[in-house]
Structure formats: C-alpha cells, structure tokens
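This report refers to the structure that appears directly beneath it.
Note that the chains are named A, B, C, D and E in the order they appear, and that numbering of residues resets to 1 at the start of each chain.
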Amino acid sequence: MSAPAGLDRATERSRDLRLLLAVLLTLLGVALTLVYLIALNAGAAPRLADLAYERLPSTGVQNPVTAVLLNYRAYDTLMELAVLLAALLGIWALGPAPPGFQRSGAVLAAMVSWVVPLLIVTGGYMLWVGGYAPGGAFQAGALLGAAGVIVRLAGDPRAGLPGEAAQRWLLVAGVLVFTLVGLGLMAFGAGFLTYPPTLAKWLILLIEAAATVAIGAALAAAYVGGRPPGPDARPTAEDEDALTPAQTPANPPAPPLDPRP
Amino acid sequence: MSDAALTHPLVLCIALPLLGAMLVTALPRWSVRLGILAAVATAAAAVALAATVWQQGTLHLMLGGWDRQLAIALRADGIATALVLMANLVALGISVYASGYFHDRVRVRSFWPLWLLLWAGLNGLFLAGDLFNLYVMLELLGIAAAALGALTGNRDAVAANLRYLLVGLLGSISYLLGVALLYTAYGTLDLGLLAAGIADSPQLLAVNAAAMTLMVAGLALKAALFPLHFWLPPAHANAPAPVSAALSALVVKAVFYLILRLWLDLFWPITGMAAAMLPALLGAVAIVWGSWRALRAERLKLLAAYSTVAQIGYLFLFLPLLAATPPGPARDDLLAALLLMAVTHGFAKAGFFLAAGLVQTNAGHDRIDDLGGTAQRLPATTFAIALSGSALIGLPPSGSFIGKWLLMQSAIATGQWWWVIVVTTGSLLASAYVFRVLSRAFGLEPTPMRFITDARAEVPALTLALVSVAVLGLASGPVWTLLGLSAAGVGA
Amino acid sequence: MLIAQFLYGGAGLVLFTLGLWSFLVHEPLLRKIIALNVTGAGVFHVLIAIAYRGDAAPPDPVPHALVLTGIVVAVSATALALMLGARLQDADEEDQTP
Amino acid sequence: MSWDYAALLPGAIVVSSLLPGVFIFLLDEESHVLRTVLNLFGAVAKLVLVGLLIYGVWLGQVFETRIAIAPGLTLVLNADALSVLFVTLSTVLWLVTTVYAIGYLEHSTNRSRFFGFFSLCVSATVGIALSGNLLTFVIFYEVLTLATYPLVAHRGTPEATRGAKIYLAYTLSGGLLLLVGAVWLRTLTGPVDFVEGGMLGDLSPDLHGQLVVIFALLLAGLGVKAALVPLHGWLPQSMVAPAPVSSLLHAVAVVKAGAFGIVRVVYDVYGVTLASQLGLLTVLGVLASFTIVYGSVLALTQDGLKKRLAYSTVSQVSYIALGTSLLGPVATVGGLVHLVHQGIMKITLFFCAGNYAETLGVAKVSQMDGIGRRMPLTTLAFTVGALGMIGLPPIAGFVSKWYLGLGGVEAGQHWVLVILASSTLLNAGYFLPILYRAWFRPLPAEWPNEHHFGTRFETMHALLWPPVITAVFCLLAGLLAAAPFSPLEWARLIAEREYGL
Amino acid sequence: MSQLTLLIVFDAVLLVTLLVLAFAAVLSPEPRRAVMLFIAFGLWLSLIWARLQAPDVALAEAAIGAGLGGALMLAAARRAARTASRSRGDDAS
C-alpha cells in the first residue's frame, strides 16, 4: 500500500494486479469456508451458551447479552469504552471543530424539537429495558448520539453538548464509574468487577447509566469533529509547528498562551 | 484464590492508568501533575506485581469470579511480568521526559490522557489471558498510538499515522477472524483452555493452522515484520519524541509478545521447524534491510525507526531455534535470551528516541549530517545515544550482547549456522549507523561546560540507556529466575 | 451444525474477503474505510452465525456481546480515521493554495 | 575475611579507575583541581591495589572475582602470573601517563570527556589482563574498543574523525570475529576458562577441524588489535590522537591487548602442545615474522615521527606473537618479557615525540636537526628508548631479542635468527638517523612553533619527567634482569607454569 | 419440510441482497453513493441479525454501525465531493 492519497487523487491500481488479487483472495475465501465448515463440525456445539444461561440468575439481569456485557465480560466493555474515548481524544487532538452549518430552516427546527426529545426518551427506555429485553447502554447511548447528530445538523455547533469542562466529565463518566465500582468492590474484598448478587442489578444499572451518557456524548462529540468551540479551541500558531525549539536556551519557552486572566 | 489480595497488583496495573486517564481528561488544567502521579502509581503497581510474581509464581485471576470458560482471565507469568516491568519503567521514564517536552497547552492536554490510555492498553495486553480481550487491547493500543503519533499535526505525521491506523485495523480484523474460528471449533476464548483444546485436537489441523495464520499474519502486520514494515518508519519518525519512544520501544514489542504467546503457548503443537522458518527468514531480511536503511537515513529519528524494523527481526530469529531445541536448560536459556533481548531493546530504543528528541528540540531539526554542534553541546544526551546505541548493536556489556551470545550459541549448537552470518552482518551495519551519528559529536565545537544541561529530559534518557547497558548486561540473572517461575506455573 | 450457520457464516467469509480485496486495491481513504468496515462486518457476521442455534434454542449470548463490543470499536476507529483524513486534506489544500 | 578480600581485589582493581572515570564525566569542565585529584587518586589507588595483588600472588594466594551475569555466563577476574605481568605494566604506565596527560592537555578543550574515557580505557585494559575466561576477555576487549574511539577522535579535526572511523571499522569487525570464535568454542566445550597448559587438550580429534577454524577466527579478531599484517591498517591512522593516547593506548593498552589475547589463546585455551600439533603455531610464526619485517620496512619510509613510531610498533609487537609461536619455554620468556619491555620503551619514545611537538612544534624527523641541544633530557630519554628498540645491551630490548634468538635455536627454528637480525638492522636504519640528526646536526634558526613554559628545564615538569622515568625503567629492566620481581623473572615463572616445568 | 425450504429460500434472498449491497458499496467509485450503499448494507445486516435472533446486536448495528458510522462517512463524502469539484475547477482554469 502506498501513501493514502487524498480523496481527490484517486489513482487506481492496475487492472492486472486487481484481478490477480481477486483470484488469490477468492482462493483464500474458499479455503476459509472449508476451514469454517470443519470448525463448525468440531463438536463444540453449545459453546458457552448453556453455561451463560445457567449462571444468568446470579448476574442481576435477565437479558443474557447484557449479562455477558456487564457481568461475565464486563472488563471487555470497560476497555471498549476506553477505546471509544481514545478515538474521541484523538479527534480532539487534531484540532478544533469546523464551524457549524448554517441555521436550519423552520421545518427542520420543528422536526428537531420533536425528534430529539423522542430520541432521548427512547434512549432512557432502552437503558432501563436492557436488563431483561433487547436494549442496554450501547443502544441507548447510540440514540443519544443520534440526537446529538440531529441537533448538530440543525445548526448547533456543539451538537447539544454542554461546554467543554462539563463535556469532559460526561465523556469520562462511563470509564470512571466503571473503574471506581470495580476498584470499590475490590477494596471490599469481592474482587475487581465481582458484583455481590444482591447488589448486582443496581451496580449494573449505575454503570450502564454512566456508560450511556458517555457513549452518547462521545458519539455526538465525534460527529462534531474536533475540540468543542470555546476559548480553548481557538487555533494558535503553535498548532501548526510541532518543532518549536522551546527548550533551546537561546529561545526561552513561549509564554503560556492562556487568554483568560 | 484464598489470598485474593495477591492479585490486586494485576488489576491495579490496568485500573490505575485508566483512572489516571479519566482524571487528566476531566481536569485538563492539572494534566501534568495528575499524569505524573498516575505514572508513578502505575509503575509502583508494576513493581508490586513483579515482586509478587517473584515470590509467588504465576498469578491468575478470573475477573468477576465466574467459571473459567465464562470469565476473562488475567494472568502474570514470568514472560509477562518481565515485559510489564520493562514497559512500566520505560513508560515512567517517558512520562518524566514528556512532562517537560510539550509546551503548547493544547498538546499537553491531548498527550496525557491518550498516553495513559495507551499505557493501560499495554499492561492490559501483557496481562490478558483471553483472546477477545486481547483484541480489544490491540485496538486500544492501535487507536491511542495513532492518535498520539499524529499529535504534532504536521502533514507527514498525519499521513503516516493514518496509514498506521488503517494497517493496524486490518491486522486486528484478521486476528479477530482467527479468534472467531477458534471459538467456533473450541467454544472458549480462554488461552489456557484453548491451548489444551488445540493440543487434544490434532484432527482439527486445518482449523488450527488457518487460525494461526490469520492471527499471526495480522499481528506481524502490526509488529512490522518485513515486508509488512512499510508503515513503521514514517509513523515512528514523525511522532513527537516521547511518543516515538513509546511506539518503538513498547507498542511494537507488545505485539511481538502476543505473537510469541500464541506461538509458544497456544499453537505449539503446529509451530515446528517448518512453520518457524518463514518468520525467521523474514526476520533475517528485516535485520539486514532495516539496518541498511537506517544507515542510509538522513534523519536521526528515521534512523531509529528503521533500526526498530531490524530489532524486531532479531526476535523472530529465535523461533526456529526454539523449535529445534528440546525442552531443557538449553531451551530455557534461549527463551531467556529472547526475553532479555526484547527487554534490552525496549530500554535502549526508548533512551535513543528520547535523546534524539532532545537533539531535535535543541538543533531545531534532526538531519544527521548537520547535528555535530548540538551533539557536542549536550554531552549527557550524546552519552545516552552512545549507550543505547551500543545496546542496539549488541556490544558488551549490554543485555542484548548476552542475548546475541546465546542466540549464536544456539544457532551453532543446532546446526543453523546461517543465522550467525545474519547476526554478524546486522551487528556490523548497526555499528555503522550508530557510529555515523556518534562521529558527529567529535568536532571542533566549543567545549560544553557541564555534563547535564536539562535534567528533566536528559536524566530519563540517560537512565533508560544505562539500564539497557549496565544493569541488563551485567545482571541478567533475574530474567532466568522469572522464567523459572513461569515454568513452575505451567507445571502446577 | 445448522445449514443456516454455514450459509450465514459463509456469507460472512465472503464479506471478509471482499473487504480485504477492496482495501488492497482501492486507494481513496473513504473506500478503504468502507472496505475495512465490510471486512469487520464479515467477521461479526460469522460470530452471529455461530451464535444462532436454530429458532427453537436461545442463541449463544457471548458472540453477541463480542460483536457489540466490536461494533463500537469499529465506529471509534472509523471516526478517528475519517478525522485524520480530513486533517490531511486540509493540509493538502493549504499546500495548494498558499 | 581473607576470602572476601581475595574475591574482591581483582574487581577492585578494575573499579579503581572506572569509578573516578564516571565521576570525571559528571564534572563541570572548569573543575580542574577536582579532576586532577580524581585522576591521580585513581591511578595511585590502583597502584596500591596492584602492589597488594603482587604480594598476595607471591605468597601463593588465589585471587578471583566471580560475578554471575546469567546462568552459565560468568564474569571471572583472577590473577595468575601472566595477568599480574600485564596488570602491573598497565598500572605503572597509567600513573606516569596520567601525569603526562595532565600537563599535555593543559588549556586544551573537552578535558572531562578525555579523562573520563581515558580512565575507562585503563579499566578495560586491566579487565583484559585479569580476565579469567574467554567471555570476560571478549567483554573487556570490546569495551576497550569503544572507550578508545572517543580518544582517537578527540581532536575533532577531519583527520581525527577519519582516523577514528578507520580504527573503529577494523576493531569492531575484529571484535565480531572474536565473538563468533568465542561462541563457537563455547558450544564445543562449555565455559572457556583460561587454564595454564590449555583446556582443549582432551577434546575429541573429530573436532580438530573445527578448532582450526575457530583459531583462525580468534586470531583474526585478536590480530586486528595486535596489528598483525594485514590487519594493521588502523594503527598509523590512529596517530592523529593526542600524544598521551598514542603513548599509553597504542604502545601499551590496545596493541598489547591483542598480543596478550594471542598469548592467552595459545597457552591457556589451546595449550602449546595442541596448538603445535594442529599447525597453528607455524601460521602464527609466519604471520608474526612477516609483520616484523614489513612494519620495519614501512617505518623506514616515514617522515612523520609518530607514524614512524607507529610502524615500529606494528613490527615490535609481533615479537610477542613470534615468541609465542615458537615451541619451547625460552622463546616464551622472550615473547612475554617483550610485552613489558616494548611497552616501556615505546611509551618513552611516544612521550618524547609528544614533548617535541608540544614544546617546539616538531612533528617530523626532518625537523629534528640539533634538537638534542635544545631538549637534552628528552632526547636522552629518546636515545635510550631507540637504542633499546635496536637491541643494544644493556637496555631492555636486548634481553627480549636474546631470549627470542635462544628460543628459536632451542626450537630448532634457525630462521628466527635471520628475522631478528634483519629486524635489528632495519630498526637501526630508522632510529639511528634520528639520533644522528638530534645530536650532531646544527640547530635550526627557528623552531616551527616554540613554547616557553617558564621553568628551568627544557619543557614543563609534567611533560619532562615521565619519559625520563620510563627511560630509567628501560635501563633498569635490562641491567637488573636477573633480580627477583624483574619482568624477566616473572616471564620465566609464567613459562615454567605453561610448560609444566 | 416445505416450511424449511421456504426458510432457506428466505435466508438465501436475505443473503444475496446483502452481498449485492456489499459489492455495490465496495465497487462504487463515487463517495456519496458508496456511503449510501454502505448504510443500506448496514441496515440490511441488522435485519439479518434480527432474523438470527440477535436483536441487541441488530439494534446496535443499525444505530451505531450504519447510523453514526454512516453519518460520519457522509460528512467525509461531502467534503470529498466538495474538494473534488474544486480541484476540477482548478484544472479547468
């Protein structure tokens, strides 16, 4: 693979190479399918399903997927929230958000005023229902994020999110609550993320609520596409030049660039 | 599990940097102070972990207290512990260095949370005992690393790290398909249970081989094994110095660690001589090619990045030697040598990049041909480059010298003498590229008045370099002790 | 084994191969990202297929959870990659119009 | 308690110069006094420790420091008669050279760097001398390469950079060959300890083919530092280094490390009997003889004083290899005693060359007319060294040549006498014209670059007395050759042990 | 029996449509079109997953994979189209 060209410089690979690759990859696909067939017949049939259902009553939830996500494999989910946050922080590191779109017309504004509350309410419902039916933090968070996207499309440069300081707390809420609950349980001798069955339901709900907020905020903020507009986000000359020789004795460090008093 | 507190360091190694990342994200004004605090706490947890494993042997923890099949396992054996200790000490050094490196407020606030997330991902990867959890850790590493690498925001850095991100994603998807195949066939994701399953199912050779190929190929892409290394030099050379250090010293090593784990623990029934030959040959080409490109590089950081390509090659040379050596002291020595080499390169490469970053900030560029004055003005920095450079070459008394010695010994003993030629050629080329830099430091510039000019930046670089040379080269014994514990853990 | 498991899983493998091919041969960033997403969807599809145990038995929830995690990871990576691409494009535009 | 002492002493001897070296690096450039104190403290402390070592070895004590690097890989420092010979030589000459260097480099730049690496070099040399096994030897051998590089490059001129690069290319490649040989040998035998009489004697004859190849690798690695032709190319190029470096390192430490290594490998690894059986001694003897003649011929053609001395070193160091290659204790004595004698003679000559350059700006033979009248003491010292090199009794060099000649006769190798005779003629050919110029030609109107140091003497004290002292050593080593503790007596002791007499 | 056949036909139709959408998305050179096809592919995928008794995942795929991922890609496609048209304009001038 050569350097990824800009979207406009679409230089296509030669036809021969593409065909050759197509043939090779078809062979790969056939081989993989055969292997998959063998693997399916290997006799591991119930896999983890039976065990997962067997343990379900002591997980604190009735929806088996939620049980896996927030109990059996809660650690995966915790790290996955960290992945989402890392991606967002990476986006923020690239610069301030581009300016918002023009103010929307009356029709869209009216739609926004209907759709957004609906999405938020549905999100809350999803979160609650996730304990025993399809739904949960991810779906709820996604709905909140979608609400943010619509608000952004309607012209709000912040996609309905609060100012930067509050936004940062929303973003970290998921991992923070998750980790603190886990460590708290460890401190009380139960082990990291090992919920006592009596408390499991409520602890999971607490974590899910925080995760929903964090996922919604992260997805909306990712759509905004940069650091939130605000005093912090103003592009500075320093943004462009990474190699500011600030440590050379000849060039004393640049004075702190804090516009606030 | 009676003594649950023993496993606390295992969790803390991951939870503390994660918690730190949340705090620096939420309280950006306190980034540096909170970041250093988290760094020190995490490193302390790693030291505690090493001490526990040293005394107790391999640690296992089933998160959530569920059955082994259902839960995600964390485990720390000798190999993992040695690498965790290396990674956390190096990361602590990088953190101290970084606390003075970034001056732009925006960049400070971007660096710390991503760096701590990367750190959590590293520790998570080393300690994970579950194939899917490893996938999540790989993604965390890949995303945080690409974001950090693009931190300078200049065009080359963004382009290189975009490519790194995409290539990394492809690699982890390939890995994930392998995981899916294994889950289909064996119905579990736990490394230990899968290892037992694979050992008991020679009739599933096709599945095992396909899963291994998908996983190892995907990881080789992320570990930059020749010819899949193309993305590494630009990405590592254009990142800010502390990030380059972390990427080259830690992230690539972590991926190699995972390959080694799969190779030795999971797929050992099918990773014989025939399977080991291809990666080793690629590793041999990587040594020669990477060293040659490093020699031809015009920029110091590009040189260091190509040298990483070569150093990864050395690690792959061990695979056929391990395959040819029956279990016993000789194989233990070989494994210890491999580990010693990886750990030494970790320290040395981090020291090298940190020092190179200092040269760059002082000179305003890192073109090797014009660096003379700067190198001479900063004796401690040049010293750090010299020390870590000798460890990269494998000169005594560095840890990699011991590693190289045992590598060559095993190559001769198992009749695979051709690797000796590869290692010798690599060492000569490495000497050439290291001394190409060092010779610039002996010019007619005015005499520097003191050894250390900028303690916060120079001391970490020098310390890391010194560890790779003096400590690991003269006291490599603990590596064997740790490995001995891991062997005991497998037996028990 | 169920026919459905094989059919759907096989389709997942087709998607995987298709995405891989597209990633290798198509240069524009957006196409590469779409290709990666198709590749990932293929793997997810395999996981969903093996979780399916016929309409009578409840499905295996573990692969479902894995796929959920995978979807979030994939969208995170997509967002970051797109934003890196946008930044690159800005830089190129600045180069062209100094 | 005594065990502790015996186990620590060899290590302490290495550390006594290493630690001051490390502190010197950390010193500010202006801390002249502290640096001088550290330098002299290290040198004197090492001398005292070596004195204790000699006394202990004389009493029959065994000194051994062992540090386990890793299972099966042990750093061993011990003191047998051979190591004591080399350690004593290095330590005494280090003290003298330190004094000389402090004077020579006054007002020079980058002194912290210089003295730091200088101390590292001596530590590495002493480490080589005390190495108790091949691994330890290889480690210190490489460290010596690395620590010498900055000293050769020290002046920072393009020629210095070039010379240092050539030096490094030769020595690092040699080091790699040595490493491969050492590793290979280890796979055959396990840890390769230095044992008097050799340790490979009872190895199966099937392996003899491999042993020959390994010897070739080891000899190539050691031959680079010992400047055996055709591996000598770096030595004349390294003469760009400051005079103290040329004196100590290229007369004593570096080239001797190579020669010493050859002695170790032949006597204490292979054993003379096996080495002679395998025909290795013949190869070594031919190479050494060729080097002796070739180096001398090239020395004849050099006008640069230091270059002439450098080619003379190429030639003279191979006397040691020659002595080693002849089967029989007398030749061994000749070779070993030359290790010391050549060292003190050559360091005298290099000190003098440095004095001429520092005081008068004279660097070429053609500029030395009448220099004996301007700098009588220095030139007297130079004369002693030069005549000793030619082999004039009663100076040290005569003793070496005498024993080498006798050894050749004893071994039945009469051609050695031809080599010695022609070498002596060539030595005379390149030294006597210098002496003639210095004493008998008229003074020039003006010296190229004359300095006055405001002393009663011809140059400053720190430069003047070191060559005078070493010249006195040359005389004493020859006159008192039969006295106890003389180099000759030590060499005899070593030879007796190697041959099991 | 016929019910099973019907089901298989149903499955086959679902899968063929999915693959067609995937091919179309991957092969379409025009960015906006490709993204729209990808979104359609994602939605169809979630339909199939619902059929495979994975409603949780189906919901998430529809909302996150196709929905938000699609929205992000659409924004990028819009950018790409804008730049492409601008650079075409540059070429013409």
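Assume contacts are C-beta pairs under 8 Å (C-beta built on N, C-alpha and C of every residue); 3 or more make two chains touch, one makes a residue touch a chain.
Computed from a prediction, not measured in an experiment: that's the story for all the values here.
Engineer: Using the contact definition stated above, find the chains touching both subunit D and subunit E.
Structural biologist: none
Engineer: If you tally contacting C-beta pairs for every chain pair, which pair wins?
Structural biologist: Going pair by pair, the biggest contact count turns up for A-B.
Engineer: Using mean Cα positions as chain centres, tell me which chain lies farthest from subunit B.
Structural biologist: Relative to subunit B, the chain whose C-alpha centre sits farthest away is D.
Engineer: Which one of the chains is closest to the middle, using the mean of its C-alpha atoms?
Structural biologist: Ranked by how close its C-alpha centre lies to the overall one, first comes B.
Engineer: By mean C-alpha position, what chain is farthest away from subunit A?
Structural biologist: D
Engineer: How many angstrom lie between the CA centroids of subunit B and subunit D, rounded to a whole number?
Structural biologist: Computed value for the inter-centroid distance: 43 Å.
Engineer: Give, as an integer number of Å, the spacing between the C-alpha centres of subunit E and subunit B.
Structural biologist: Comparing mean C-alpha positions, subunit E is 38 Å from subunit B.
Engineer: Need the CA-centroid distance for the pair subunit A / subunit D, whole Å please.
Structural biologist: 69
Engineer: If I count partner chains per residue in subunit B, which residues reach a count of at least 2?
Structural biologist: In subunit B, 70, 132, 136, 139, 143, 146-147, 150, 153-154, 158-159, 162, 166, 177, 183-184 touch at least two other chains.
Engineer: If you look at subunit C, which of its residues touch at least two other chains?
Structural biologist: 9, 14, 16, 20, 26, 28-30, 32-33, 46, 50-51, 58-59, 62, 64, 66, 68-69, 71-73, 75-77, 79-80, 84-89, 92
Engineer: Check the chains against each other and report every pair that touches.
Structural biologist: The complete list of chain pairs in contact reads A-B, A-C, A-E, B-C, B-D, C-E.
Engineer: Please output the residues of subunit A touching subunit B within their complex, sorted ascending.
Structural biologist: Listed in rising order, the residues of subunit A that touch subunit B are 1, 3-4, 31-32, 34-36, 38-40, 42, 44-48, 51-52, 55, 71-76, 78-80, 82-83, 85-87, 89-95, 168-169, 171-172, 175-176, 179-180, 182-183, 186, 189-195, 227, 232, 236, 238-249, 253-254, 256-258.
Engineer: Spell out the part of subunit D that touches subunit B in their complex, as residue ranges.
Structural biologist: For subunit D paired with subunit B, touching residues are 25-30, 67-73, 75, 109-113, 135, 138-139, 142-143, 146, 149-150, 153-154, 156-157, 160-161, 164-165, 168, 172-173, 176, 179-180, 183-184, 186-187.
Engineer: For a test of understanding, state which residues of subunit B touch subunit D in their complex under the given definition.
Structural biologist: 329, 333, 336, 340, 379, 383, 390, 395-397, 401-402, 405, 408-409, 412-413, 420, 424, 427-428, 431, 435, 439, 442-452, 473-477, 479-480
Engineer: Using the touch rule from the top, collect the residues of subunit A that touch subunit E in their complex.
Structural biologist: 6-8, 10, 63, 65-66, 126, 134-136, 138-139, 142-143, 145-146, 149, 219, 222-223, 225
Engineer: Give the list of subunit C residues in touch with subunit A in this complex.
Structural biologist: 1, 5-6, 9-10, 13-14, 16-17, 20-21, 24-30, 32, 46, 50-51, 53, 57-62, 64-66, 68-69, 71-73, 75-77, 79-80, 83-89, 92
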